[in-house]
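Order as written gives the chain letters A, B, C and D; numbering starts at 1 within each chain.
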Amino acid sequence: MTIKSEPFVVNVGPQHPSTHGVFRLRLTLDGEKIVDADMVMGYLHRSMEKLAEERTYTQNIPFTDRTDYLSAMTGNLAYVMAVEKLMNVEVPERALWLRTIMAELQRIASHAMAVGIFANDCGAWQTPVMHMFRDREKILDLFEMACGARLTLNYMRIGGVSKDIPVEWMPQAQRLLKELPDRFAEYEDLLLSNEIIIARSRGIGTLTPEQATAYSVSGPMLRASGVAWDVRKADPYGAYDKVDFDIAVGRNGDVYDRFVVRLAEMRQSLRILQQAFERMPAGPVHARLGTATVQPWGQAVAPLAYRPPVGEAYARIESPRGELGYYIVSDGGPAPFRFHIRSPSFINLTPLKLMSVGMTVADAIVILGSVDIVVGEVDR
Amino acid sequence: MTSFFLKGEWYDFRDLGNPVGGLLHDIDKIAPHWVVYVVASLIGTGGIVLWGVLSCLAFIWIERRVVALMQNRKGPNRVGPAGLLQPVADALKLLMKEAITPRAADKIVFWAGPVLIFVPALAVFAVIPFGPKMTLADLNVGVLFLIAIAGINTPAVFLAGWSSNNKYALLGAMRTIAMLISYEIIQVLALLGPVLLVGSMRLGDLVGWQDHYNTWIFFIQPVGLMAYIFAGAVETNRSPTDIAEAESEIVAGYHTEYGGIKFGFFYQAEYLAGFAIAAAITTLYMGGYTLWGAEKYIPSWIIFLGKLYTVFFIYIWARGTLPRLRIDQLMAFAWKFLLPIMLVNTLVVGGEVLIWRENDISDVTALTLIGLVNFFFGAALVIGWARFLGHGRGRQVGRRALLTQEVGAVYFGAETSS
Amino acid sequence: MDSTGVIIAFYVLAAMTIGSAVSVVVVRNMIHAVMGLIGTFAGLAGLYVTLSADFIAITQILIYIGAISILFLFAIVLTPQASRNNQESFLRFPALVLALLVAGVLIFVALDNTWNLSHAPDFPETASTIGELLLKTYVLPFEIASVLLLVAVVGSIVLVRPEPVEED
Amino acid sequence: MSIHLEHYLIVGAILFSIGLYLALAKRNFIGVLMGIEMMFNAVNLTFIAFSRFVKSDQPLSAHVFVVFVITVAAAEAATALALAVMVYRTRDTINVDQIDLLKW
């Protein structure tokens, strides 16, 4: 005998404090238990992939800032790598190292945000997220010094980076690098063995390796499920083949493991940064391509229209959210013929129903927080 | 108290009951007797309302500033010196906003909600002794009154949540009721300890007992105090149990649809309920307005308010620190953990009081022994019962991620020792 | 019982009690009916206070307003829409006649009888005496009542519990 | 003017008959239960009034009795409302005049 009652459907979003953007989750509830979860996406769809077919290759770089706006560096990087692959460009050594440094700084900033917001979803009223913001702000300061922007960076260029870092950059970055390990130790002390966070997140939203690979999940979510997969190791780009770092892997694939993996990856990023700061060579930061000119003050003025040869290219990197890939088809014209983004947020979100059915409403919010979506990237 | 040099004259402001008493005495000479009653109740009620509103305004500012300090922020600092006028600005904003009633809401109940929730929040203070003569109504069932009045919250919250015709509000109301009903039992059992010790439910007697034996029930009933603090957090919807209005889950719980001054009522009622819990803890567990003789020199109401605000600060601190529990975990904590412990605690206190009364033991020895026994037995009980339920030490340690260089390897379900 | 305050309080509280009780009869919405019921309970608690039965008054608030009205609200919400109206059945007129008759008889008895009145003052305090009576004179009914409560708790849980899912 | 026993008895009588009407006339099972609770309360009021006004060697016995009545009323309400929910699940209605399986 079951309770005869109409299904209780709760809309989490599109306007909701915990959806991190305009994302809608329709939960069908039986009491507090979720019997069905339905994801409704597209509220932030800006048709970027189609717009990009109307812009030149250089003009498309700012678009990539605005897909994953919490990690603009990696968006830039994946796109310019795809175009470079298409054009067969040799990127100077220093530019590769700079890209690696920026990507790792971005990873720390993004993971700090993810961990803080996750604790916020667990109900820690703003405190962890504010403490994480402290570190993120310092990283954004570094970005501002390097390229003048804090959020939509537009730093990478086809063939290198937009300009070399100023001389004051390195000392400040070194200082930050000295501070961060203590901060991370503090976060680990406060959050890792916090009874309530453990109670809220262990055994919640478990994904087995089979399920995770079947859903094509990537990034910290896949690693939390126990699969040691990282594009930086599996298909090295930038200077990742020259640095030494470990892949952080979880054991149970639950929400807690995702959180633990993110904290561990922040430490690994510090390791990479340390090595990169020591070993970064001097030299140009932009390849000489066609009509591109490098101004005396070091800024590369790219030509307005590259015309890559006919062909297609797919470049992938490990963004903070997972495997971010750009697939570009060129017909020889100044704009891409087809422009597609494999966005990790979107693909990591797909097993949400699998994870949240049978859990409670509070768990669904925590699970959604642990996926660490950026709606700009989900909807593009 | 009155044995000191002022002897309770009307200008003795160590107890605000003195000037009021003097005033009433003068009125009694010139006016019929019932006028005295009316004036006395007006002064008492007006004083409590005034104090409540001012304290709320002050604590809105203090809470925002303190939590901001905990979060590396500055907090409100624009309106007035150091942002002191920010609560006033907030209150004005709430007053001037349109009081929207959703079209699908049940109009009458929707309007009744804020009123129903505000009345008990204020009524609790009627029995609280702010000073020796500063009790509006020193009922002989004061402790029961505290619990009963808090119980009125339950239907009020339900009606507010149901009448909004909003799913978040209904979820929040259901959660609140489940929580309130479960923790009412814990509250009753926690307050039973002091009542058993003192042998009276009059709050004035409880304070007098603690003054007489120069001890706080705090030291004699540590387990009861802990349970009561937690149950108080549940009742006032404060972290870590702000499940009813978990803003990251169900937006604002049962008052999601309320705006403007109606929301202001909920907001203020929440603060007042917090003060009420703090006042109850102060009176029952922390000696009320007495401070080991210092009340002769310091006004007793200042001592009382100092203790009250200190206790309330614990809740603010918790809000800036702790994440939120899940509703089923909270329920399990009440029924599986706190309830058995509190039952055993009540039994132990009853036995101790019986032995103390029946035998010829000096008070100091008896109270010291009772305190020690309760402390160690309570600690053993809490730890033992937690172990029994599988939450002992070592079960909940943090894990770190495994580190590997091997791409593609699967470590699912790997050993947790690292 | 002669002071003006008690007289005013009695009439206000009696009006509140009876008025809320009438509203339970007439309103169409069950939730409003429960609000009326809460009003009745609150008015009765006030009447108990005028009768110097403070313990009973507080118990009334605690049990009736804090618990039983919640049970009613829950029962209403758990039985959706279908039967949420508060209509009378075809027995309306016989019931009305009977109720009026009963009221008439009771009021007649109350007024006609000469009660053996005492002129004792208000009870100074009731809780401790009630406690002593409960645990000395009426200890057996007290124990039976606790068993009854236990049975009620178990019974309600058994009744409303969802059937365990059968294993295949 | 003063308040006497009769005043309370009249209030109790009116309340009792309103409860009786509710219990007899309401179609809704929950409404019937409300009537029963109201009758309990009317009886309680009468008890308390007698204990206050009528001569007796232990007037507070009435209070004890009222405590028992409240206990029983709480138990009764819990069980009966559980029954109401149960009846709703099986029969899809809680109208007392439709629950007539035993009627021949």
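Side notes on the structure shown:
Heads up, the rule we're going with is that contacts are C-beta pairs under 8 Å (C-beta built on N, C-alpha and C of every residue); 3 or more make two chains touch, one makes a residue touch a chain.
Keep in mind that what you see is a predicted model, and the values were worked out from it rather than measured.
Put simply, the chain nearest the middle, going by average C-alpha positions, is B. Chain centres here are C-alpha means, and the one lying farthest from chain C is A. Here the two chains linked by the largest count of contacting C-beta pairs are C-D. Once the centre of each chain is set as its mean CA position, chain A and chain B turn out to be 44 Å apart. Here the spacing of chain C and chain D, counted between their Cα centres, is 6 Å. Mean C-alpha positions place chain A and chain D at a centre distance of 65 Å.
Put simply, the C-alpha centre of chain B and that of chain C have 29 angstrom between them. Looking at chain C, one finds that residues 34, 55, 59, 67, 74, 78 touch two or more other chains.
Shared contact sites, meaning residues of chain A that touch two or more other chains, fall at 1, 3. Partner chain A is touched in their complex by these residues of chain B: 67, 70-73, 167-168, 171, 175, 239-240, 242-243, 246-251, 319-329, 396-414, 416. On the side of chain A, the complex with chain B involves touching residues 8-11, 16-18, 29, 32, 119-127, 130-131, 133-134, 188, 191-200, 208-209, 223, 225-230, 233-234, 246-253, 256-257, 260-261, 263-264, 268, 360-363, 365.
Interface residues of chain D facing chain C in the complex, by the touch rule stated above, are 1-22, 24-31, 33-34, 37-38, 41, 44-45, 48-49, 51-56, 58-61, 63-64, 66-68, 70-79, 81-86, 88, 92-97.
By the touch rule above, chain B contacts chain C in their complex via residues 34, 37, 106, 108-109, 112, 139-141, 144-145, 147-149, 151-152, 154-155, 158-159, 162-163, 177, 181, 184, 201. Contact residues on chain C toward chain D in their complex (touch as defined above): 1-2, 6-7, 10, 14, 17-18, 21-22, 24-25, 30, 33-34, 37, 40-41, 44, 47-48, 50-53, 55-56, 59-60, 63-64, 67-68, 71-72, 74-76, 78-79, 82-92, 94-96, 98-100, 102-103, 106-107, 110-111, 115-118, 120, 122-123, 126, 129-130, 133-134, 137-138, 141, 145, 148-149, 151-153, 155-156, 159-160.
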